[in-house]
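Right after this note come the structures.
You will see subunit A twice below: alongside subunit B first, and alongside subunit C after that.
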Partner chain A sequence: MFRFLLNRLLQSIVALIAIISITFFLARAAPGGPFLEEKAIPPHIVKQMEAYYGLDKPLPVQWLTYMGNFIQGDLGPSFGNKGYTVNEVIAQGLPVSLTIGLGGLLIALGIGVPIGIIAAARQNQFADYSLMSLAMMGICLPTFVTGPLLSIYLGIKFGWFNATGWNEPSDWFLPSLTLGVFYAAYIARLSRGGILDILRQDYVRTARAKGVPEWRIMVRHTLRGGLLPVVIYLGPAISGLISGSFIVENIFELPGLGTHFIVATTNRDYTLILGTVAVYAVLILTMNFLVDIAQVYLNPRLRSSTAPEKA
Partner chain B sequence: MKRVLSTFLRLLLTVTLPCALLACGGPSPVEEATANNVLLLGNGAEPKALDPHLVSSVGDSNILLSLFEGLCAFHPSDDNMSIPGAAESWESNEDYTVWTFHLRKNGRWSNGDPVTAHDFVYAYERILTPAMGSPYSSMLYFLKNGAKFNQEEIDSFDEVGVKALDDYTLECTLEQPTAFFPELTKHTTYYPVHRATIEKFGSMTDQFTKWQRPGNHVSNGAFKLKSWWINHSVVVEPNPYYWDKDTVTLKEIHFIPMTEFTEERAFRAEQLHYTYAMPSNLIPWYGEHYPDLVRREPYYGSYFYRYNTTKPPLDNLKLRQALAYAIDRNAIIDNVTLGNQTPAGGFTPPTPGGYQPPTPYSFDPEKARQLLQEAGYADGGEVPEFEILMNTHESHRAIAEAIQDMWRKHLGLTNVSIANQEWKVFQSTIIEMKYDVGRAGWIGDYMDPTTFLDMWRTDDSNNNTGWSNPDYDRYLKEAALEPTPEARLAKLHAAEEILMAELPVLPIYWYTRNYLIHPDVQNWNPLLLDHHNYKFIHLKAAPPHPFFKR
Partner chain C sequence: MALLEVENLRTYFHTRDGIVRAVDGVSFSLDNGETIGVVGESGSGKSVTFYSMLGLIPMPPGRIEGGSAKFDGQEILHAPGPVLQKIRGKRIGMIFQDPMTSLNPYLKISSQLIEPLQIHENMGKTEALKRAIAELERVGIADAAKRVHSYPHEFSGGMRQRVMIAMALITRPEILIADEPTTALDVTVQKQVMDLIRARQKELGTAVVLITHDLAVVSGFCDRVHVMYAGRFVESASSKELFTKPLHAYTKALQASIPAMQKKGEPLFTIPGAPPDLSTEIRGCAFAPRTENHDPAKCPPDRRPEYKEIAPGHWVQDCPCCVQL
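Right, the complex of A and B next:
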């Protein structure tokens, strides 16, 4: 088991280096540069700026320098935000993305799991069909449709929330709801499926035969096992919620990582592009790694499948 | 079934209600802000810097306008007027080549230090030093030897035409007669910087230092920097040492980076006093229902297309002219841009009471067809294929499609295609001259036609059309030497006539500023350059407006 995890860890590190290197060269391959402005900057000035930021050196040298600094945790200066390092920009943005991501997760679970339970309890009845159709809609509706709709109705028409921005404590709610709806729908389907699996088990039938009330069967005997698929799904969901938030951040004009990423790409702010991609990559790789651990821990079959390696 | 539905509804309410109750009931953000004298402004994009020597965009300049003050300052309602800023008074010699500015003795930086003539000399040395890599240093080429020093042709800054005669007297010697020099001192590139602060955090020419941070930043304007949260807001508060602090009534200004679509939503929800821009399709709706909230004001800018004159078929002058006559500019404004823009028959926007450009190009399909024949095409279908290139934006596409359609309808052109590219890709395509017809816009930096005409000089880095005319270059040079302002404008007019006759550009319209503004904002006047002196802006709670439902 230890060797399996070490193996996965090494794979993650290789993947991270590959992601950063590819992003590094892709960003440089894109036409234009950080110093290209609408009102042209004279060539001799552009040269000075490139020299200042070390962009005049050969690309492989720049890449080696960047990787060296990266390993030491130094993501360099941001070209687009003069006077701020990429580390500082990310430190400002990450808490925002984490807040709406985790808020989205709470909402996804808060809506998804009860819907899944109800649908499973009323399998093949009207409630099941209508709730599952609703879930299907949630999966199909992209955030750039739900986001503006929520902002217009709950923000402007009803005035319950601010339509945009990140100023009041309640400002996390609409972005999180936008993000959460999609995952809620998915979680509803997952939990419905998981619970139905358990409901077919013999021990449930036994409990029923003994006259245990239906709600008790659900709460005491079914939920723990039935929600296992949801627990396993949490890893990808969390990394998806945090890294997938850039559209939502853009809709609500939040100063999160996603907004920084988009602004950085349009500005050709090379270091900030790399920095945000690196954070996303680390997040996703970490979550996948944790899921691997959880799966090995929860699933005895996986554990035994690693046994031959030990032999 | 009923039970299921009610369970679901109850669940939904338990999640949303507490949050909603927390959020609503109180006054709207704008109501609260007005009560506290806090101005909430949409400001387009996130500023790249708060260092006057590192910025070049309009949004960045708007913030710097609150933080810094040049020798002269912007008048609250008249673009053509300069009011005393850091300088109390100024005068020039007879031929406008030497300007003397008398600084006020009570001018103070936001840390209490006196503002002296040496601060200006230091600032001008900093922006012109080549190692600084200042993107807009060319604005100081008006100073004698400014260009030479910036381009490393001379080494000593002593030879550049700026001198502190004493602590409070600054003398600027210019390259050529410039009657509008006081105008220029209002531009961000002419602002002073605080030497001790710059050098506390790095060397004079360091681009990347922490002096621009809240807490470190020192400025000489009516406001000082309070906070800067990237992609969220820049907040400024009154400078307690400002010489005219009694005029300032605002307690804070929030500059908020937002796209036009979100801005409009935020305005609707009473979260902004002012939107930097607005979606053009909403302008008529606001104009009809809430004309008091929407402004449509002339703006000192020109929307046009560049022709690549080095490449067939647009190296053909008659064809370029035919295309210019075949555009119904009024139809574009009435149906596409919808913002009361002015059809541009020429390039430089007219100045009320000042420069009037030649405007030969109006809608004349008959003449257009005749020119097409003269260009050597019996029929529009014979014109070889060419492409209109623009940066990706819905409004640019709509205009391009309208123009493409007009060319087809009036000239029979069937081979015109439209392409769009992401902003930076687009810019490098234009600079590398890999286009046929390219969209462009130009906003004037100061109130003088040269801010529009200089770019068409041979080899100017903003020309990018391949067009060059020695007479044009000569006229611009000679204009500066004319003894009277009238003679100078006449010379510039003659230069622009050459530009219009040879037409490396296709003028389309002169900009308007279209934006939404809350009735609480007082003294926000229409300005051609859109440079507002924030110390004159006030907030006063207006009676409840039916538009805001909250």
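Right, the complex of A and C next:
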């Protein structure tokens, strides 16, 4: 178990270095630069600025310098947000993205898993068909449709929440709901499929032959294996929820990280691009790491390496 | 009165390709402590007979079309779910063919073993665990107190089948239904498992139903044997009589298929053809097309042969060409 964890940790570190390096060179390969503006800046001033930021040195040297600083946790100054370091920009935007992302996750699990269980328990009956049609709608509707709709109805018409902005504690709900709808729908389908898969297993027949009541078969014999696909999906889901919030942040005018990320790419704000990519990469890698551990915990066959004994 | 009395049981599956008549009029009875065998090829309806009685087939597509099954005087066909749940695992225990897949891989042996006690006898965990360990020792698992906390994947096939037996018998049921209990095991373990079932049966006085396609397994084990073909019994007699005086061509063919009955070096006997498609109604004798002495003149193709008691206790489907006295 310990070896497995160490192995996965080392893999994650290698992956992180690779992601940052590739992003570094890709960003530089894109045409344009951070100091291009409508009005041409005199060449000698551009030179001075490049020298100040170290952009005049050969690319490999810049890469080494960046990696050196990165390891120490220094992501450098932001070219686009004058006077701010990348660390400061992230420190300000990440909590917002994390809040709505995790809120979205709670909503997705809270809605998706029960729907999946009910649909599986009532397979091919009315409840199953109607819930799964609902899930299909949830998967098909893009956030730029659900977001404004929620904002208009729950925000403006009914006045239950603020339509936009990031001022009150309840402001996380609408963005999270918008984000969570798709994931809830997807998780509902995943859990339904997973549970149905288990319900077809021989050991469920054994449980029935023991006289176990249906609800107990669901809770004790089915859920653990049946929700495994959901657990595996949680890694990509969480990172998607946190990093994919750009559209939602725009709809609800939130000061999150997603907006910074997009603006940074259009402005060729190299350090901020790298900084946000690094944050997202760390998030995704951490989530996958945690999901691996959870999987081993849930599935006893992965847990021990003892070979079956002979009778 | 017999412990279990089944009268003209019919179970059909209503599928997209038509109605599959899996069990088409089966009658038998089982006394306290008796052992019966139900023998037939795959798909002959042996398992469905018992599964449908206990509400273990998916409905739909399955449907019990008629008949009656009285367990201890109580009608259990069409009985509501909770009634059957109280019987299953408490008064009728079951073990299945594949011990590799019949135990839940996500749960410890201990929690699967004590489940019948928790459900049917409202027993607390510690007490139930004590019973479970004792039961494991009885089925010959060494170091049971420690082993009980293992997961199924840590046990071999034979040990898992022992666990299944322990689990089925932990509530001291009146009937044990063993559905091909040795098919997935290798030969040496097969014998151990059959001996174990026999020994536990003697101790507890349980009646045993042995479902199998292997006539050889049945021979020394059962008091009475029913031979099943295409959803019906074709022959039924005491074990001894069935082996010494088989009447139906199908029983004879099954007997000829036992490898040990043949000379070494000769090709093994197989029954020509395949069992009939049960999704179309069978009008004549179901086995007639597969017997060598099939004679359309003698064998009316428009009615199914009657199931008759030809000698005391010896029943057979009375088809003129399949039965030769």
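The criterion applied here is as follows: the second predicted complex is superposed on the first by the 258 of 311 C-alpha atoms of A that agree within 3 Å, B and C clash if a C-alpha of one lies under 4 Å from a C-alpha of the other, contacts with A are read in each partner's own complex, and residues count from 1 in each chain.
The working rule: contacts are C-beta pairs under 8 Å (C-beta built on N, C-alpha and C of every residue); 3 or more make two chains touch, one makes a residue touch a chain.
The structure presented is a predicted model; accordingly, all values stated were derived computationally and were not measured.
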For this session: Using the touch definition from the top, say if A:Val230 reaches subunit B (first), subunit C (second), both or neither.
Result: neither
Exercise. First (subunit B), second (subunit C), both or neither: which does A:Leu274 touch?
Worked result: neither
Exercise. Hey, is it subunit B or subunit C that touches more of subunit A?
Worked result: B
For this session: Could you tell me if A:Phe126 is touching subunit B, subunit C, both of them or neither one (first, second, both, neither)?
Result: first
For this session: Could you tell me if A:Asp202 is touching subunit B, subunit C, both of them or neither one (first, second, both, neither)?
Result: second
For this session: Could you say whether A:Val86 touches subunit B, subunit C, both of them, or neither, answering first, second, both or neither?
Result: neither
Exercise. Taking the superposition as given, does A:Arg220 touch the first partner, subunit B, the second, subunit C, both, or neither?
Worked result: second
Exercise. Should A:Ile187 be classified as contacting the first partner (subunit B), the second (subunit C), both, or neither?
Worked result: neither
For this session: Classify the contacts of A:Leu283 with the two partner chains as first (subunit B alone), second (subunit C alone), both, or neither.
Result: neither
Exercise. Can you list the residues of subunit A that touch subunit B in one structure and subunit C in the other?
Worked result: none
For this session: Within their complex, state which residues of subunit C touch subunit A.
Result: 54, 56, 81-82, 84-90, 93-94, 96, 98, 101-108, 115-116, 119-120, 151, 153-159, 162, 164, 167-168, 189, 192
Problem set entry | Partner subunit A, residues of subunit B touching it in the complex | 1, 4, 7-8, 11-12, 15-16, 19-20, 22-24, 28-29, 45-46, 48-51, 54, 56-57, 130-138, 150-152, 207-213, 229-232, 256-259, 262, 265-266, 268-269, 271, 422-425, 427-429, 431, 441, 461-462, 464, 549-550
Problem set entry | For the subunit A and subunit B complex, residues of the former touching the latter | 30-33, 35-46, 48-49, 52, 77, 80-84, 89, 92-93, 107, 110-111, 114-115, 118, 122, 126-127, 131, 148, 151-152, 154-170, 173, 250-253, 255, 259-260, 263, 266-268
For this session: Enumerate the contact residues on subunit A facing subunit C in the complex.
Result: 201-203, 205-214, 216, 220-221, 224-225, 298-301, 304, 306, 308-311
